[in-house]
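Here come two complexes built around subunit A, the first alongside subunit B, the second alongside subunit C.
Showing the complex of A and B:
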């Protein structure tokens, strides 16, 4: 076996891909006529898309050995800002929709930049910083919306958000394009390489002349922009803000990233793994519902997969670094 | 400039550096000649690390003059020192443990693909791997598996990679801070050989070490520090280990000092 193939097989991402395949095979076997259908696959893709967009940002952050707990709140905040911006412009024009897109991206990015400045410049630990912005962004979303979901999303946007391209849900296509681009940035560019270097050893990176602070700020800002985009896609899909509906999106994103083989210790991670990790909870939930299993079991299952993934990661590290 | 000074690649004169009320350097001189291995010795607190940090841009001196290749320099940061051709390997090696050897060699100096791809930041992994292989081969540093993260390699190999990286980028001077402190006998041997090969390439090596046997074997000259000053300069071939120890501990202070001046 050549070394490339064996390294590939040794990656936790590969293990998780096999586990995902096994889960799909199991449900396909148990309910071939309902689970293994085009329309069910479309549903699964739609349900994964927004989580994947947010998890892409979380992948970069966790590779730097950071964490972002604020993404769910930031998503809600920016979707409220976006919905209100579109309502303020009024009408169903493309212009209004683009203003909404810009508003979500900018407001998401602003929270991300705030996280980045606090973490990289003020040296407040990422956990604490984003725990703070988690509360603050959610609170401000409630303040500016009065706690009531904004439902005035332009019709064409909702049509777009529930549309399909060649049978694939549009938002899934968008998420796939973003994950692919981000995966390429991570794996093949200077920016990606330095992201790994910082997570591997921040001090070494600094001494090698890498501008660690600036790099961290860009990454947290990027994660904020992606959360903003997630907010926009959420508006497009549901036609309303979902103020109460994204409270544990942060944990879902982290779960997806970690299941996908990215190490919470930093320096190691793969975007393809994150995509797989985003699918596993969604497929489990979907399959359980079709099977008539009480859907709450998905949390138990996902929790178990998560802990197993981390155990695997630690064992591998101990074996390698001993 | 006389012939002797022209031979100096790096020279420090009258360097003073205090931290609060602690005077770490009290008018220290230091010489590095072209293409030599010079050992910097002294007991703990003699000012060795402070001197290295001043000469590698980590600290700036309160007073004194530093010349590199005959020109006065004052480094405001380690980056400036590195751009001027001075590299330092500290005991922690500053490697990124989860990245492979080539990625570490080019850490912060990544090569990009030619053309548009390079402009958007795409790495030239093949060329980096190729050049890394050549760099390691030219200094005979063995890297067990080039795809392996360096965190999985032995202490000796990691040291080899760190020294090779610094030697690859150092144009003039390479500082090594106790490079063998954590190594076994055979690995120490490899590092000493590596130091000689770096010198033979024309790069001056400053070896900070407590190990007199090692210094006696690899260094061309020895400069001894005590209490923030240089108190002796020796040509290794002309001096006994006892004399060096005496200088370090201060047992024969003035005598050695005068002999040192006579060098």
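Showing the complex of A and C:
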């Protein structure tokens, strides 16, 4: 019992969970009738959903000690492609909506595959590759859309995007399901184990027989598909593409993953941590606004939590080595 | 738990908890330092006349001089009327950033919300939640596709905005030559109306050739590139009008690089501080400014009227004002230049 508890407490994810609980408790204490309400919780879940979907992909990548800066642009690109596909099919039917879904997933996956090929086969470092695709995807999104947001999203899809299932926003349910599935894959499958192995020591993994290049390509493609799904959910939620937006989504996703306890240096990470890490900045922002605090403090707070998370990771690594 | 075990990993956990408590404490301190009277009940029921009305103003962006001018007007009117004003805004003009702010503001249950929506569609559902929860809504600057949700909308007469810009260009160019207009891409209602007014006015001057519109939303780099290309493609370019003040820096730069400042007459919308400097330096010939401070003042007046059950006009379109070196010091112009209080 003692050692189980110790092991559980040892996980940085646990620390972050406690920090999240402390933040919620503090805001609930300060604003009991406004922060700690069902409708506010629903808002927080809605506002975390798309970030979580994208952060799931980022988790796999960061565990392999890679990075993906292109997620925001890929999301915008796939939302433009999806919206135009649905407009081309026309009408409000389920068929049109499914075409849109397919279009977003495929276009996102295509960018992810491009990232993967450049990183795994051409050996271009992930930072540089995804920095390049960040620009390219955004530029192509502007080319395809003419710089104008596509606003004709089928009504039923928008209703779906703003709907609730048993009181929980639908997009949050979808994000939770994806995060859970991905977490299970990461923790229990060979695919997950290979991800950790590659992150821990890529050369050893290769010599142990793992097809590293193929695995990396599949991970970046997965991240692209998830960014595409994020684009679809964004269309469903807002009823329009938001071409000028999502410029910081890449950093938000990385922040969520790192706050959650995943190491930027690879080999260690938990999906549950990513979920917690996605909530912390959203809850902080929400709480600050309800308090009437100048919004800029939230950036200070999130930055502090991020640094604290990395420091914890460093301490743990040093102890592991000694 | 054996205390001797408190080394290594459990100690890290406790350190983490300590950090968490510190973080939570700092949040608490920050919150305590800003005096925000929390509405303990629904707000508008009990002793309505003695409790100050809580109004939250959500700007399009938090760091834009135009919105700062609106904020100034709102602050002045709130002080006069005895309302409790909170101001929020995202760092960028992005609905994905503004929606979470609206959600949080709605949760804080203000008596009234004044907002410059960054998208006419995406903001509808979150604002409707606020109206359903009992807050009065006033739209300022931009509007929603379905503005019936709000008690009223205060904007500028954007058709007049474009018309005045065109009038200035026609006057300065003597009614001849090629003229370029730079606006936000179609879909931004303010700019769409501006383009309409601009085109209609220039149709009265048959010797002016209106070049195809170029699109930029206040991005200096983009507008510079647009003007570079236009100067190269159209040697008879004599006039440029930018709807968005943010584009003027790019235009001035491009004109200077091509040494075309004397040949091309530049008129810009908006009156940000750097634009006023450009006006004084002769780099721009006139500015078409919106009555930003008045917008802010009226938004508070209307929200308080709506809360008191008084009538509020559904649409208010404030006329824009042409500012040039002659009238820069007059109160009508000086008060409405874009700057914080």
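The definition used in the following text is that the second predicted complex is superposed on the first by the 320 of 322 C-alpha atoms of A that agree within 3 Å, B and C clash if a C-alpha of one lies under 4 Å from a C-alpha of the other, contacts with A are read in each partner's own complex, and residues count from 1 in each chain.
By our rule, a contact is a pair of C-beta atoms (placed from the backbone, for glycine too) under 8 Å apart; a residue touches a chain by one contact, two chains touch by 3 or more.
Quick caveat, the model's predicted, so the values are computed rather than measured.
S.K.: A:180 contacts which: subunit B (first), subunit C (second), both, neither?
M.R.: The answer is neither, since A:180 touches no partner chain.
S.K.: Once chain A of both complexes is superposed, is A:37 in touch with subunit B (first), subunit C (second), both, or neither?
M.R.: second
S.K.: Mind working out whether A:189 is in touch with subunit B, subunit C, both or neither, as first, second, both or neither?
M.R.: The answer is first: A:189 touches subunit B but not subunit C.
S.K.: With the two complexes superposed on chain A, say which partner A:268 touches: subunit B (first), subunit C (second), both, or neither.
M.R.: A:268 sits against subunit B, while subunit C stays out of touch.
S.K.: Quick one: subunit B or subunit C, who's touching more of subunit A?
M.R.: With both complexes superposed on chain A, more residues of subunit A are touched by C.
S.K.: Scan A:203 for contacts with subunit B and subunit C and give back first, second, both or neither.
M.R.: A:203: touches subunit B, not subunit C.
S.K.: Once the shared chain is lined up, is A:84 touching subunit B (first), subunit C (second), both, or neither of them?
M.R.: After superposing on A, A:84 lies clear of both subunit B and subunit C.
S.K.: Could you say whether A:244 touches subunit B, subunit C, both of them, or neither, answering first, second, both or neither?
M.R.: second
S.K.: Can you list the residues of subunit A that touch subunit B in one structure and subunit C in the other?
M.R.: In the superposed arrangement, which is not itself an observed complex, subunit A uses residues 7 for both subunit B and subunit C.
S.K.: Which part of subunit A faces subunit B closely enough to touch in the complex?
M.R.: Residues of subunit A touching subunit B: 3-4, 7, 185, 188-191, 193-194, 196-197, 199-201, 203-205, 207-210, 266-268, 320-321.
S.K.: Considering only the defined contacts, which subunit A positions touch subunit C in the complex?
M.R.: Residue list for subunit A touching subunit C: 2, 5-7, 9-10, 12, 14-16, 18-19, 22-23, 25-27, 30-31, 33-35, 37, 39-40, 43-44, 46-47, 146-149, 151, 162, 234, 237-240, 242, 244-247, 282, 284-297, 301, 304-305, 308, 312, 315-316, 319.
S.K.: Taking the complex as given, what residues does subunit B use to touch subunit A?
M.R.: Where subunit B meets subunit A, its residues are 78-79, 82, 92-99, 103, 107-110, 112, 120-123, 125, 145, 147, 149, 151-152.
S.K.: Quick one: in the complex, what on subunit C touches subunit A?
M.R.: Per the stated touch rule, the residues are 1-2, 5, 8-10, 12-13, 15-17, 19-21, 23-24, 26-28, 30-31, 34, 36, 38-40, 62, 86, 88-90, 92-97, 99-101, 103-109, 119, 121-122, 125-126, 129, 133, 185-187, 215, 217.
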